[in-house]
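Taking it in order: structure first as structure tokens, then the write-up.
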Amino acid sequence: MTMEFGRRLRLGLFGTSHGPEVGVTIDGIPAGTPIDRAAIQADLDRRRPVGRRLATRRQEEDLLVVDGGVSDGRANGSTFRAHVANTDVRREPYDKLRDTPRPGHADYPARVRYGEAADLSGGGIFSGRMTVGLVIAGAIAKGLLRPRGLEVVAYTRTIGPVDAAAPEGMDPAEIARRSREHEVGSVDPAAAERMAEEIAAARRAGDSLGGIVEVRAYGAPVGLGEPFFDSLESVLAHAYFSVPAVKGVEFGAGFASVRLRGSEHNDPFVFRDGQVRTETNRAGGILGGLATGMPIVARIAVKPASSIAVRQRTVNLATRQPAEIVVTGRHDPCIVPRAVVVLEATTAAVLADLALVGGFLA
Amino acid sequence: MTMEFGRRLRLGLFGTSHGPEVGVTIDGIPAGTPIDRAAIQADLDRRRPVGRRLATRRQEEDLLVVDGGVSDGRANGSTFRAHVANTDVRREPYDKLRDTPRPGHADYPARVRYGEAADLSGGGIFSGRMTVGLVIAGAIAKGLLRPRGLEVVAYTRTIGPVDAAAPEGMDPAEIARRSREHEVGSVDPAAAERMAEEIAAARRAGDSLGGIVEVRAYGAPVGLGEPFFDSLESVLAHAYFSVPAVKGVEFGAGFASVRLRGSEHNDPFVFRDGQVRTETNRAGGILGGLATGMPIVARIAVKPASSIAVRQRTVNLATRQPAEIVVTGRHDPCIVPRAVVVLEATTAAVLADLALVGGFLA
Amino acid sequence: MTMEFGRRLRLGLFGTSHGPEVGVTIDGIPAGTPIDRAAIQADLDRRRPVGRRLATRRQEEDLLVVDGGVSDGRANGSTFRAHVANTDVRREPYDKLRDTPRPGHADYPARVRYGEAADLSGGGIFSGRMTVGLVIAGAIAKGLLRPRGLEVVAYTRTIGPVDAAAPEGMDPAEIARRSREHEVGSVDPAAAERMAEEIAAARRAGDSLGGIVEVRAYGAPVGLGEPFFDSLESVLAHAYFSVPAVKGVEFGAGFASVRLRGSEHNDPFVFRDGQVRTETNRAGGILGGLATGMPIVARIAVKPASSIAVRQRTVNLATRQPAEIVVTGRHDPCIVPRAVVVLEATTAAVLADLALVGGFLA
Amino acid sequence: MTMEFGRRLRLGLFGTSHGPEVGVTIDGIPAGTPIDRAAIQADLDRRRPVGRRLATRRQEEDLLVVDGGVSDGRANGSTFRAHVANTDVRREPYDKLRDTPRPGHADYPARVRYGEAADLSGGGIFSGRMTVGLVIAGAIAKGLLRPRGLEVVAYTRTIGPVDAAAPEGMDPAEIARRSREHEVGSVDPAAAERMAEEIAAARRAGDSLGGIVEVRAYGAPVGLGEPFFDSLESVLAHAYFSVPAVKGVEFGAGFASVRLRGSEHNDPFVFRDGQVRTETNRAGGILGGLATGMPIVARIAVKPASSIAVRQRTVNLATRQPAEIVVTGRHDPCIVPRAVVVLEATTAAVLADLALVGGFLA
């Protein structure tokens, strides 16, 4: 199995949804890098379900425990390790689902592949809870990137039918501030309210909703990324698609570029404040897989959460008969708001890794 | 630089757009695997620009030369190597662009990153011509997968405003046949004609068009893929985004899943011919990063080609003044039809690699 | 930094000598593999200093704590993690050595490379204590290999001037039994006593001794290993030389082969009990980097422990003057007996990894 | 199969002994690095059998052909590729050996592992001829290292019973000059003559001889290497043991350290010309896996060549009867002199890779 990622900043996720804990090991943090526990905890808190209207009833403190790799608040050259405890685990709801795979979940292919030995309770290693380790890694990565002027922010762009883009010129600090202000993570207060209503409606129906997270990275050094197979888009998309429920990724104009002509899509180069910039940013800050110096812009589609309270059709693998199930665990009607910090963190971890690979952090 | 991909089936691309040749080394082909040169050449021919209406005027035979790794028509356990010659290279058009980076191309970030030493003529290693190696690898991978009942096909789904999906039940052989019949690669004759007209119009305007390629893989064994970081979506997207001009990737319902509720998006499990299947396939054949046994469905957005004949604004890096350029090389008004075989090949190479990783080809 | 090893069975060591703990994460243990905690603890106990005559006075229980990856006594598909606490840490002796690097230790190059931020107390990640993780991994690997008839044993071959080889035909179980019987790990009782006397003499002089560990692996499937860069010798030696204090590795006749002619060194093939075997085993069970079916035989030279009580000359990096130091920590006069289980474990981990790579455990 | 090596300077060997060619691809040479074809050819010439007395009768020009990655004499950022033709291939002698594996060769385990499909003619990918690619890579690596003051030299230390060490203070240029002067590669003219006589005697007997190559690397930056699994010793030994016929590797005092006490083995630190140095160099320039600034010293044991003209016993795998063979190909009575440049090159390639990993070439 493959719980590792990165070339120079090597992440290893550990734990399972319903085991005692989840966490991350990180190899390759340059010795001396400040490790800001408060900043990590703040991001872990952003990942927790917050408002009553929107959240799972699974309530966990998700308190950061650093197990190693830090001396006097700085990376000390040994493997960094940290975890949070799984404190609110109720295994029963999953046990009865053993023979009746839940639609939309990994249950069926995981059982075929790994057999009875695999711990699939709560989704096992396929659970969104594994992203705790990404959030921890991302907070450390942001600490590596910020002193070099590289800032990563994310916000909820779309929930179901409601779409609200941050204006292109909006300051990253402003995006960060606004997206934290409202529990759905939107930067537009009016849209945020409509999004929350959509989520509440889905919740009342025992159903779920999907959405789109937009990530922007400002200040990436020109040339960051590696040609061809380790292009910025390749490595970012690889990491994004590892996050459970992600089903689409686009950069810059993305799928909309299909309806533009080349003359409309190409971004003209200009000088701005003595720097080479592009007038527009349809490329999403990436040409040839390398950073152009413009903001890196990615949009990630998150499917509606698979765990819903409505009755669903499935099969009984033991009896080989049709079956019905109602998934009774505690689940979010919409995981998009919680995915914001996860995808922001994932972006930071990838950019820090590529910055180390390319010698940009030397 | 990173011209390598794969864990067990290791591809290494070599050459540059305007060097003597481009090609691929492949490590890890099981000894004894039949290597069908005619099939490889057929795929290379599909990658070549065909009709006068649609194509670049750069004309190359792209004749396959196998340099090693094959004995008596079978992989012999040593590194496979093959190339095609670059026979129609005209370097001049690029040389004058040295100080004026072309909008939409890698010129600017590549020059900042790699300096004068980088060979960027014709795009260097950032050129679409590097995909020749992917096509060769994909043809070999298809030969590995086919005996296990795994078939990969691709077709042009969208060109500019014209979209035509293959019906969900269409046979893969039929998709393959139809997409080869019309030069644009569509499976719908009427749509194909409209697509061709759109391309011709863009060509007349000295402009370019983008589009969407849809890839389908039939017969993947249940459980193919690795959890989390090497999920099917992760590794496929990684490879897709390495292909120049790709700016978006989605699986199954993809970005459209955002507007569905969970109850609409979850695919109910059913028995069909004694097999566990899903009634619908919004998951695109992938749950938890593993194959479900349903067709794997990916859509890849290809931006309008960056090389256009219309005058564009840029900067002169030497004089640090605004500048204008007209890119006079020979270029395609729409690369989507040629990307079909590239993305089909890329898919096959990834699936074969993951099948080797997972022990499915043992 | 690079605390990871293996392609399919991926080890990640964590902790530091004087931090709260040391341990290992293991990715890639096939789900369902039995995890025998008693066997792991037994190997950890073998690694502990035993007799008063021979050991460091640093006394730690080294009790195994399994943190994840196991359900109902079997690997469950998530990352395996385990650690032992560092309970007997005294930091002072090391702090005063900050400016006066200890001869024979990593202090000086580590400080130049990693600066003040590196945690070098007790050797940090350069300490022999990091091998705890190897022992844990090796015990699990032995559990993977044994059901396939592959048995790994090691013993103390040489201490200082005393050399005692196990007879070629000695049964692996007998080697294992005997080497556990005497605290020095020799299979020859008389030699063991002489070895113990040599160690005791060195201890009395405040000095240290080196030696040679011999590892034998029985029952490796013919063909195990990968050609060229992942030859059995290459991967084994890579891992052996990671173990602190190892300065030489040889297989089969090794350095002594230099004095043989080819006709003496080549092992004639014969049939024995219907199996292809070689009459002699100068190849140490490896030809062309692949297992021949004969016992794999490796000898590993362990230098005399660097920490000694006698006064040594060094430099003061702060004052840039010559200096003298006496290393007052608690140290072994001879680490060879404790290295036996470490190198046995390392061998098992490598063979299990290569067996997974080659499909021998499918 | 695994024909690749390195993390940042990625080598891929291709070809087979009796195919049309052998060569190497190299990914990761910094763009702009001078590629000195004459220096590469000079090293290829050193690898060729030279004197009539000592050499195989297989005579090949081994003329370097650079296939890509170079523009105007410098690495251009695309994959470097080069090969030499196999011009003097006679396949017959091998074909008759198909069922009677040659003692000392990979024939038997390779056939068990890879079956009939593997091309084992002339040893296939197990042949010493594959080291042509290492020599090419090493020559380029030396060009990367030399401007940073890092010089790698190797010489024949031992042939059969004749051992002649270069004095510790001998200048690297002098070692290089002397080892090139006499065909056996020794730095001691009298010993060289005795070595040549030993080889000639073995040749007359239809037999072969082994020996030891000593490699020294001067000027490695303090701290080069990575902790634990990518220690200098680990990565160097990994690469050395990939070279066919290598059966032992030691650094510094190596196996002899076993007979020293710690007080004799530890190298005292001293200031010399204002630099931290050690008075002796029993550590072979490596502590804790990192370079100390002293010369890196490795000795590599090369077994007597397996191909000998005397009658040998083997088995017939088809008839399952005992058999005898006489290997009639053209072979070296002693490959040690030719291994000198191969191991020197291997060392340079590893050091350049680790220097790139550690940021020492930035």
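Here the chain labels run A, B, C and D in written order, and each chain numbers its own residues starting at 1.
Going forward, a contact is a pair of C-beta atoms (placed from the backbone, for glycine too) under 8 Å apart; a residue touches a chain by one contact, two chains touch by 3 or more.
Because the structure is a prediction, the values reported are computed rather than measured.
A count of C-beta contacts for the chain pairs A-C and B-C puts A-C on top. Comparing mean CA positions across the assembly, the chain most remote from subunit B is C. Centroids built from CA atoms put subunit C at 47 Å from subunit B. Rounded to a whole number, the gap between the C-alpha centres of subunit A and subunit B is 26 angstrom.
As a whole-number value, the distance joining the C-alpha centres of subunit A and subunit C reads 40 Å. Contact of a single residue of subunit A with at least two other chains is seen at positions 1-4, 13, 77, 114, 125, 227.
Touching subunit A in their complex are the following residues of subunit B: 1-5, 13, 101, 103-110, 112-114, 123, 125-126, 130, 158, 160-161, 202, 205, 207-212, 222-223, 225-231, 233-235, 237-242, 244, 246-255, 257-271, 276, 278-279, 283-284, 287-293, 301-308, 310, 312-315, 317, 320, 322, 358. If you check the complex, the residues on subunit B that touch subunit D are 1-4, 10, 12-16, 19-21, 25, 27-28, 31-32, 67-69, 71, 74-79, 81, 114-119, 124-125.
Partner subunit D is touched in their complex by these residues of subunit A: 77, 227, 359, 362.
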